[in-house]
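Next come the structures, one after another.
One chain, chain A, links the two complexes that follow: it is found with chain B in the first and with chain C in the second.
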Partner chain A sequence: MKYSMNFILSLIRATQWEFLLLARYQVVAMSFFIAGVYAALFFALDLHYDDLIILFVISDPVMMGFMFTGVLVLYDKNQNTMQAISVTSVNHAIKLGARALALTVLALICSFAIAIAGKSFDFNFLIFSLAVILSSILFYYIGIISLIGVSSFNGFLMRAVVYLIPFFIPLLELGDVYTNPLFYLIPTKAVLILFQASFESASTLDLIYAFAYQIILIVVIQIYAVKKYEKGEV
Partner chain B sequence: MPSSSYIYIMNITNYITIDTKNIFRDPMLTAFVTIVPLLFAVTIFWALPFGIQTFDWLTPWRPQVVTFLVMQSGLLAGAVTTFIILEEKDARNMQALFVTPLQPEKYLIFRIGLPMIYTLVISTVMLWLADLHFTILQILASATLNTMMVPLFALSITSIATNKVEGLTWFKGLNLIAFSPVASFFIESDWSKLFSIIPTYWIYQFNAMLGSDVTTASSVHWVNQPIAIFSIGFIYLVLVNLLLLKTFAKQNMR
Partner chain C sequence: MIEVEQLSYKYPHGTNDTLKNIEFKVGTGQVFGFLGPSGAGKSTTQAILTRQTRDAYRGNLTILGKNIKDWGRDIFEKIGVSFELPNHYLKLTAKENLDLFASLYQKPVHKTNDLLGMVGLESEKDRRVGEFSKGMKMRLNFVRALLHDPDLIFLDEPTSGLDPSNARIIKDIIIDLKNRGKTIFLTTHNMTDADELCDQVAFLVEGKIRLIDSPKELKLRYGKKSVKVEYLNSGKQKEKSFEMNKLGENTNFISLLNKHEIQTIHTEEASLDQIFIETTGQKLK
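After this line comes the complex of A and B, so read on.
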């Protein structure tokens, strides 16, 4: 009990610190600016396309975790932050978890700004929040795995292109461009189902699949990512 | 005794040769140079016609869509250049470089020259594949404007950002700003001209004017000749790039 309390307190403190770092690197201000522009676009042009909202939310706030984890971890490496952390009581799981939480909080605020601008308050807040939280954490840890064997930021940029293309394929379902049952194998399909469920109804089976698939993937990828991070392979 | 211009050309050739070797030494950058153009070609040759067929309301906006796609090649090359420069800043390579006779302006010309040539080639091929019925001269003019986005992106971000994290942050913001002149095609009042302050406005206008069957609201108003749009855009981009070059040199002076 005492151990888990300490863990939670450490996680909260580390999350506050990560948020401060994001603010210092102007990530917070820029994210608000970008979300503000998208929101203004929906207001000004009076757009009410659910698919467009989902596309903007997935490609920006949700993917922010993926992109920024790469540059932040590589920056930590260059600044020898890992060595500094190893002499403190903060363990690697807390360090990575705190960053995931900070980026998720930011993604949540920005996603809500875009969704409210496009849908007013006419959507399911709970499912939408869960969709943002799960997808943001999932892509954050995928971002960490994508760093294996990468030492430069340009290397990460190239790796990101390779990783993101297959993840973006299920987004072809938006606007009914193309659909395929094999999309269920790609995590983005689960992400898509949750976002669509927050705007309109979805089948129970689809919802169970979307929640279960994302939670299982997060647990598996998180354990793997922390191991690799501890070994210094990312 | 070799002339100074001969030495200058030899220097440029040497730096480009060294940079080319560096690119092919790094598997990731090799992938960038080889795979990314293929992806762009596939997008413009197959995905674009498919997209326009699926969303037929996009048909009159084909030049703008092509401009957006072609611009991605310049932005990506600009991003890679930006992060190479920021990495060199972080590793303090620049301080070492600038104690040699190399001046900051020349360093940047060498550093940005190769991505610019790369972007010029890619943009030209993409515009040709896009089948917008441009003449070869018009394709080259449009590709030239697009190529100038490389230094614009690289110099503006490296002048503002102090590290790679900030670099990525600004990259995201500037990417959105670069895309924003598309809104000028939807605004029918004179307010749309406010977007002309953003350099990419001129590229969108130039391509839209040349390639659109339907005359868009913005293109009938102001300057009607594509040559005028190109000239204003070109001069504007050169001036902004020169200003950024000076700023960078000033910041990194010994």
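After this line comes the complex of A and C, so read on.
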């Protein structure tokens, strides 16, 4: 019980610091700017195409989770702050988790802004929130493992292309461009199902698959990412 | 406080051992100087002792009475580490940097303003570290290692990049820490600092310890047992050496003191620099 309380308190403290770092690195300003541009587009053009809104909304937590993670970790590497953190008693799961939380809160604010601009309040807030939270955390940890062995921003961009292109393939289902049952193997399919469910509807089986697949992936990838981070390989 | 037995280490892609059967002990309240040229293995040893290098090493390492492999992350509540190069969040201020690191410990920490004051950075506390000089960043590195009042402190070149007055401040803090019973593992190639601060020094060359002893013992063992007198003779500066043995009965020495204006008298013990070169055949760089 005491350990759990310490863990939670440490996580809250670390998350507060991560927010300050996100603000100082201009990540908050950039996120609000991007979300603002998307939202303004929907307002100005009076667009109400669900598929288009879903595409924009998905790109926000996914890109924020993945790309900003890369930028932040590269900042850490260039400043050697990971070395300094490695000789403190903080649990690395807390250190990584705090950044995931901070980015997820930011993603929630931005995603809601885009969704409300496009759909007004006509969507399921609970499923939408869970969709943003799970996809943001999942792609944050995918972003961490994509950084293994990368030390430059150019190197990260190359990795980002390799990682993100396969993940975006299931989005071809939007607008009925292309569909394939194998998409169920790609985590973005699970992300897509949850966002679609928040705007329209989805079968119970699909919902169970989407929640379970993302949660299992988050647990597995988080454990792997923390181990790699502890070894200084990220 | 630290016991190292038969420590050997090879980098994952290296061909030869970087550290070769190193052995030493550091007692509680001691300042232990780990000296050697660049590439000797000093920082590798510190990295293993502070668990930054987790690759397989051979040998036994005991820290604070427990094998290092048996410690969890709680070991970092008891040890502090200051690195050779600055490593701070450049977009945060000096105070924010210390406050952030303070938040990572479970135990009570020193007031960050007090720590900044100790190294003359209190007036700069609200400046972003990105605007600091290297010397200011190094001072911040140093006090960050003291945040949680650790019992064992690893300092890697703590006076590197500092002007003499700030180096003096850091050395005085190290002396004060020693007087308060803290144990300090000092990695340096600065022999003057080592001579002034250390109870024991180890000379490390090419991964092997060549010599371990107190600076005083080494200087006596390797120095000449004589005194050198510099004096003025008809306006010209001259010097003469005398055996220390029965110096008070040496009539030449006493006569010189009486007849000439004495400028300096020094014992001729060896410097740590000279001893290092003599025992290792290498110069410190």
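Here, the second predicted complex is superposed on the first by the 233 of 234 C-alpha atoms of A that agree within 3 Å, B and C clash if a C-alpha of one lies under 4 Å from a C-alpha of the other, contacts with A are read in each partner's own complex, and residues count from 1 in each chain.
We take it that a residue touches a chain if its C-beta (ideal position, glycine included) is under 8 Å from a C-beta of that chain, and two chains touch if they have at least 3 such contacts.
Bear in mind the structure is a predicted one, so any value in this text is a computation, not a measurement.
When the two structures are aligned on the shared chain, A:Leu47 is found in touch with neither chain B nor chain C.
In the superposition on chain A, contact of A:Leu72 is made with chain B only, not with chain C. Looking at the shared chain after the overlay, A:Leu157 reaches chain B, while chain C stays out of its contact range.
In the superposed pair of complexes, A:Phe33 makes contact with chain B only, with no contact to chain C.
Legend: residue contacts after superposition of the two complexes on their common chain; A:Asn91 is shown touching chain C, with no touch to chain B. Look at A:Tyr25: by the touch rule set out above, it reaches both chain B and chain C. By the touch criterion defined above, A:Ile216 reaches neither chain B nor chain C. Using the contact criterion defined above for the overlaid structures, shared-chain residue A:Asn80 touches chain C, although it does not reach chain B. On chain A, the surface touched by chain B in one complex and the surface touched by chain C in the other have residues 25 in common.
Contacts from chain C toward chain A in the complex involve residues 50-52, 54, 73-77, 79-81, 83, 85-92, 96, 100-101, 103-106, 144.
For chain B in complex with chain A, the residues that touch the partner chain are 26, 28-29, 31-32, 36, 39, 51, 54-55, 79-80, 83-84, 86-87, 90-91, 163-170, 172-173, 176, 180, 183, 186. Touching chain C in their complex are the following residues of chain A: 6, 10, 13-14, 17, 20-21, 24-25, 79-81, 83-91, 230-232.
The touching residues of chain A, when paired with chain B in their complex, are 25-27, 30, 33-34, 37, 41, 45, 67-68, 71-72, 74-75, 78, 150, 152-155, 157-159, 161-162, 165, 175, 177.
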